[in-house]
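You will see two complexes here that share chain A, one where it goes with chain B and one where it goes with chain C.
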Partner chain A sequence: MKRSRYGWLRVVGIGVLLLWSLFPVYWALNTSLMTNAQAQSSPPSFFPTHFVFSNYEAIFGFGPSSASTAGGIGRALLNSSVESLGATVLTLVLATIGAYAFARLRFRFQGFLFYVVIATLTLPVYATLIPIYTILTKLGLVNTYLGIILVYTSGFLPLAMWIMYNMFQALPASIEEAASIDGATTLQIFRRIVLPIVRPGMAAAAIITFLFGWGQFIFPLVLGSTNSTEPLTVALSALSGRHVVPYTMINAAAIVAIAVPAVIVFFLNRYIVDGIVAGSVK
Partner chain B sequence: MSALRRRAERAKTGRSQAIRRGRGETALPYAMVAPLLVFIGALALYPTVLTAYGAFVHNDALDPPNHFTGFGNFQSVFSNSQVRQSFENTGLYVVFGVLLSVGLGIFFGLLLQRRFRGRGIVLALMVLPWALPGVVEGVIWSWIYDPTFGVLNSTLKSAHVISTYQLWVGTHQIESIFFISLVQVWQITPLAAILVLASLQAIPSELYEAANVDGATTWQQIKRITLPLIRPGLAIAVVEGLVMSLNIFDQVYVLNAGATTASSLMSETYQIAFGNLNFGQGYALSLLATVTTIALSLLAVKLIYRRVEF
Partner chain C sequence: MASIDIKAINKVYPNGFHAVHDLSLSVADGEFMVLVGPSGCGKTTALRMVAGLEEVTEGSVQIGEKDVTVLPARERDIAMVFQNYALYPHMTVGQNIGFALSLRGIGKAEIDKRVKEAADVLSLTEWLDRKPAQLSGGQRQRVAMGRAIVREPAAFLMDEALSNLDAKLRVQMRAEVSRIQRRLGVATMYVTHDQTEAMTMGDRVAVMNAGVLQQCDHPQVLYDSPQNLFVAGFMGSPAMNLYEAGLGEGATSMRLGSQRLNLPAQVVSERPGLGAYAGRKVVVGFRPEHLELARANGAGQVLNVETELVEALGSEQLLHFKIDARRIHAPGVDEDEEVANSTSVGVARIEPQDQVKVSERVRLSVKVESMHFFDPGSGDAIRA
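Up next, the complex of A and B:
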């Protein structure tokens, strides 16, 4: 068999894949559990020997060494959570309702409007960054949760709509037709029959939207760079830009920002793969 | 993983019939799409129009008032050597980003094509870098690249690849861009791999069985069956890589820290608009970048995408 001849190649390949995918995160975790002296030792230690938690205490504002970092990570964690969750809920509700109308109902200008929504998928950040800043400044929404949630939602809606549209398209229409013949209204069909079936699709769209929100940087950098609204990404870049902050603490803050997506990836990976495929192939 | 196959099967069933509506429901579809359209209109389309218009207006906070200037903003940005450098840099980001992410994506996709024990876990771990914020990746890689205590330097030195510790990012243009690009490649490779994998799993196994019967080698099978049939997935992976690398900002912001050595078009635009407060020139660069992004995406799809029928 040819397969066995290449078997060792596959094992080596998987090893490379895992090392490449995990080492940087492992290295940050390793560094975050060390004292500064350990982290700067040569050759570097590949395992934390003492498990020092003072870096985590410091970035959250506890312990003796917290003064140098002002301990702002707790607030940034809250900001990231509020902004990402808010945008996820709003995006998912609007995208699901809109996608169903586009996928299953018929109305005037449907094709044109659908094309408009899909066309915005191709718009890069450049197209909207400066105007969104000026619009939000005029509305007084700079440095507010609401402003950031609205901007995130507008950015994530086209993709979420596209994912949900493909999920609805993939459903066999016969169930809905049967319900329609039995006298159910469109809204009843949507709420009672369709929504329960597409829950996995909604989970996929929600998870991808949440991860996008969690990773946002340039919009919150422009729209909310004070402690009251700045998310972890902005706080972390500010932390790493201040050269007095030791790398052990910066890596601890990075691990805090990594923890939430890492848990999601580990437990909900199936939905992510499904969502990526639904959002791009067609 | 069966989810991928299910999707592939679903895609073949095609679009289904529209549901018939009862009376008095004619307004319903509009009510359902209106909130979505209002959002996209107000915060995506309207801003895009403002960008296109603003590119032709002199708008400099340090030199008011605003006035129409024709192509004045474009002339200013093109005569700016830092901007021209960022064009060149972005070209390099695109080349590195697309080649490396798609190349690695094909490699990872092929590795995961056949079932084996633990494949689900490997796939989950592979997806991790895609799910992490670009800024966070920039931060953890900058520690790996650290010129004094970085693990890259110490590992390469003990392996005798380098004789002295290197400043990977910040001195040489191409070297800096390569190492910053590598961080982004780390982030977007999983996406390419998933797209390749999805296309791979749609290939009927009979094709490989027939090739085996005919005595084709593994390499011949990859070249003659696999690569031609994953073109649709590859097209999307190339476009995603293209758009991401044309827009590279987070990794540059963290690793390049405002230097021009490895500045990208986006970091230059950010600097001009929000550092120098020259919105007019910022708009001009934004418009150029938007048009380039869309044009290159369309071109890539046209070149690579070919409908595959089984």
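Up next, the complex of A and C:
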């Protein structure tokens, strides 16, 4: 790449951006490895003087100073995983089939219906919170994995579908025509030709959906009021009591919550970029 | 192996656009039939109806003994090469070629053997384990061919199969496709907008315009005896020179702008229909090779023209000239070509050693016997 005269400006810009977004993460990690006394010392220390892992032990229910929600973080980790993964699988299946239909089939009100689906992306989610709560109550799905998975899926489906739609649009119809001339049935074309080709898009949609699910707070807070469905995000906030705010433990739990998406993004971000850019470049 | 019989097929799209009108064509077993015409003339739609990728609104398509009009593409036993090759990007070259065979439940050993044979024919053997993205344009084109020939289908369909190649490779592949087709002896329909491809590759050529078949015959027949203005203007490069002319009384002479040419009796006797146009307007056409620089002592009919541009091609020169007659454009010929044409009013092929300067007046002798005459209203050739 050519170095421009203002290259240093870019370096500074990127530096500021990184500092802005990474420093809080660093601060959480730092605090999670301190004792309470250390964490509240003034001036604050930028490094733990000696590492303590008692906070991590505590949030998972081990050690002397276990949290009020003893063992709760472990369960919350499981809940987060089940809900996010469940929503991801369901969203991906529906988005792939739906987007293929919108991209390839011809039916009445097709364009209009597609825009309605995509337009739901612009709805403020909080506007739907109360109605959804009422509906789930009537269906007996409050405080169940299924209820939360269904709600997540309804929320994430449009974006996933849009990503998949772009993938299918970028796929020349002639490839499918060639396969049908080669003797493949519609199902064989979908399974053996179309799906393998759009796999990067599916990976992107899956990762994004999973990350969204992992970060949900208000819906699971309202729709699941007990330990049995409470995800990490909610459990984390529940750590602070009325009189005591255990900063070090909250930060340890936050680091656990961050770790999963961080690992995913670190190893799979190639797919996110590929999937989102697909269709824009020939 | 089989013939292809198209009987009066029509294609009308839901929006009412009538893309193909009553097209009837027969491609004999082993014959190479080229469908040619400007973009939007319906040739690709016609091909796709034969392939089963487009519904036939009316009429029937028969491959061999079987009426396939309503059969899905996969049951027609045809192979097709697409303009963009439509290779499966996630499969290797070998898997691409063998895909159709694997769908038929043929054993792996047999597939490998047939894929190898096809790859041999197309010099693809060393690329069998590559993915399409790792191949050059010419290699991809050959993989698409391989996918078609490995099947030993009843018919081959090719849709602008060489259009995505660069000019040099296109000429090379033109010969190769012809060679392979003759070797396999399969009825082939080949769609192109390039009249040179049509002339060089086709056993017969079907010229289409605006959804209607204009003429279908051997390439030389199309070139020598076009049935109408469209075929006359479309086949041949540079295109035929077409002008409005006034036929004299008795059809013994004609007026081309301010100049007069005598028509020998032979011209009229070979085209009896011309008599009826005496004293009326016709469209006259002559090919660039039917003009040459007039020798000082030469006899024959002569046109005085003003030179505008000389293109030296080595084996010949193209002399672009102006005369004061009104140029006629063949209906439906590409607009791009029309713009290019309007700057050069007429073209003559002259000898490479001829010395001609730009913007001088020269005399061109015309082979009047080889002229074509067309009705200015219908565009039909005036013959019988």
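FYI, the second predicted complex is superposed on the first by the 252 of 282 C-alpha atoms of A that agree within 3 Å, B and C clash if a C-alpha of one lies under 4 Å from a C-alpha of the other, contacts with A are read in each partner's own complex, and residues count from 1 in each chain.
We adopt the following convention: a contact is a pair of C-beta atoms (placed from the backbone, for glycine too) under 8 Å apart; a residue touches a chain by one contact, two chains touch by 3 or more.
Everything numeric in this text was worked out from a predicted model, so none of it was measured.
Overlaying the two complexes via chain A leaves chain B and chain C side by side, clear of any clash.
In the superposition on chain A, A:Ser240 makes contact with chain B only, while chain C stays out of contact range.
Using the contact criterion defined above for the overlaid structures, shared-chain residue A:Ile175 touches chain C, although it does not reach chain B. After overlaying the two complexes on the shared chain, residue contacts for A:Val82 are found with neither chain B nor chain C. Which of chain B and chain C touches more residues of chain A: that partner is B.
In the superposition on chain A, A:Val116 contacts chain B only, with no contact to chain C. Seen from the CA centre of chain A, the centres of chain B and chain C span an angle of about 80°, rounded to a multiple of 10.
In the superposed model, A:Leu146 makes contact with neither chain B nor chain C.
Touch criterion met: A:Ile197 reaches chain C, while chain B stays clear of it. When the two structures are aligned on the shared chain, A:Thr185 is found in touch with chain B and with chain C. Taking all C-alpha atoms of chain B against all those of chain C in the superposed arrangement, the shortest distance found is 5 Å.
Shared contact residues of chain A, touching chain B in one structure and chain C in the other: 172, 177, 180, 185.
Residues of chain C touching chain A in their complex: 51-53, 72-74, 76, 78-80, 82-84, 86-90, 99-100, 103-104, 147, 151.
Here chain A touches chain C in the complex through residues 172, 174-175, 177-185, 188, 193, 196-197, going by the rule given at the top. The part of chain A that touches chain B in the complex is made up of residues 2, 6, 10, 13-14, 17-18, 20-22, 24-25, 27-28, 31, 39-40, 42-44, 94-95, 97-98, 100-102, 104-107, 110, 113, 116-117, 120, 122-135, 150-151, 153-155, 157-158, 161, 169-173, 176-177, 180, 185-187, 189, 211, 214-218, 222, 232-234, 236-237, 240-241, 247, 250-251, 254, 257-258, 261-262, 264-266, 269-270, 272-274, 276-278, 280-282.
Listing the residues of chain B that touch chain A in their complex gives 1, 3-4, 7, 10-11, 13, 15-22, 25-26, 28-30, 32-33, 35-37, 39-40, 42-48, 50-51, 54, 104, 107-108, 111, 116, 120, 122-129, 131-144, 146, 148-149, 151, 154, 158, 186, 190-191, 194-195, 198-199, 217-218, 232-233, 236, 240, 243, 246-247, 249-250, 253-254, 257, 266, 269-270, 273-274, 279, 282-283, 285-287, 289-290, 293-294, 297.
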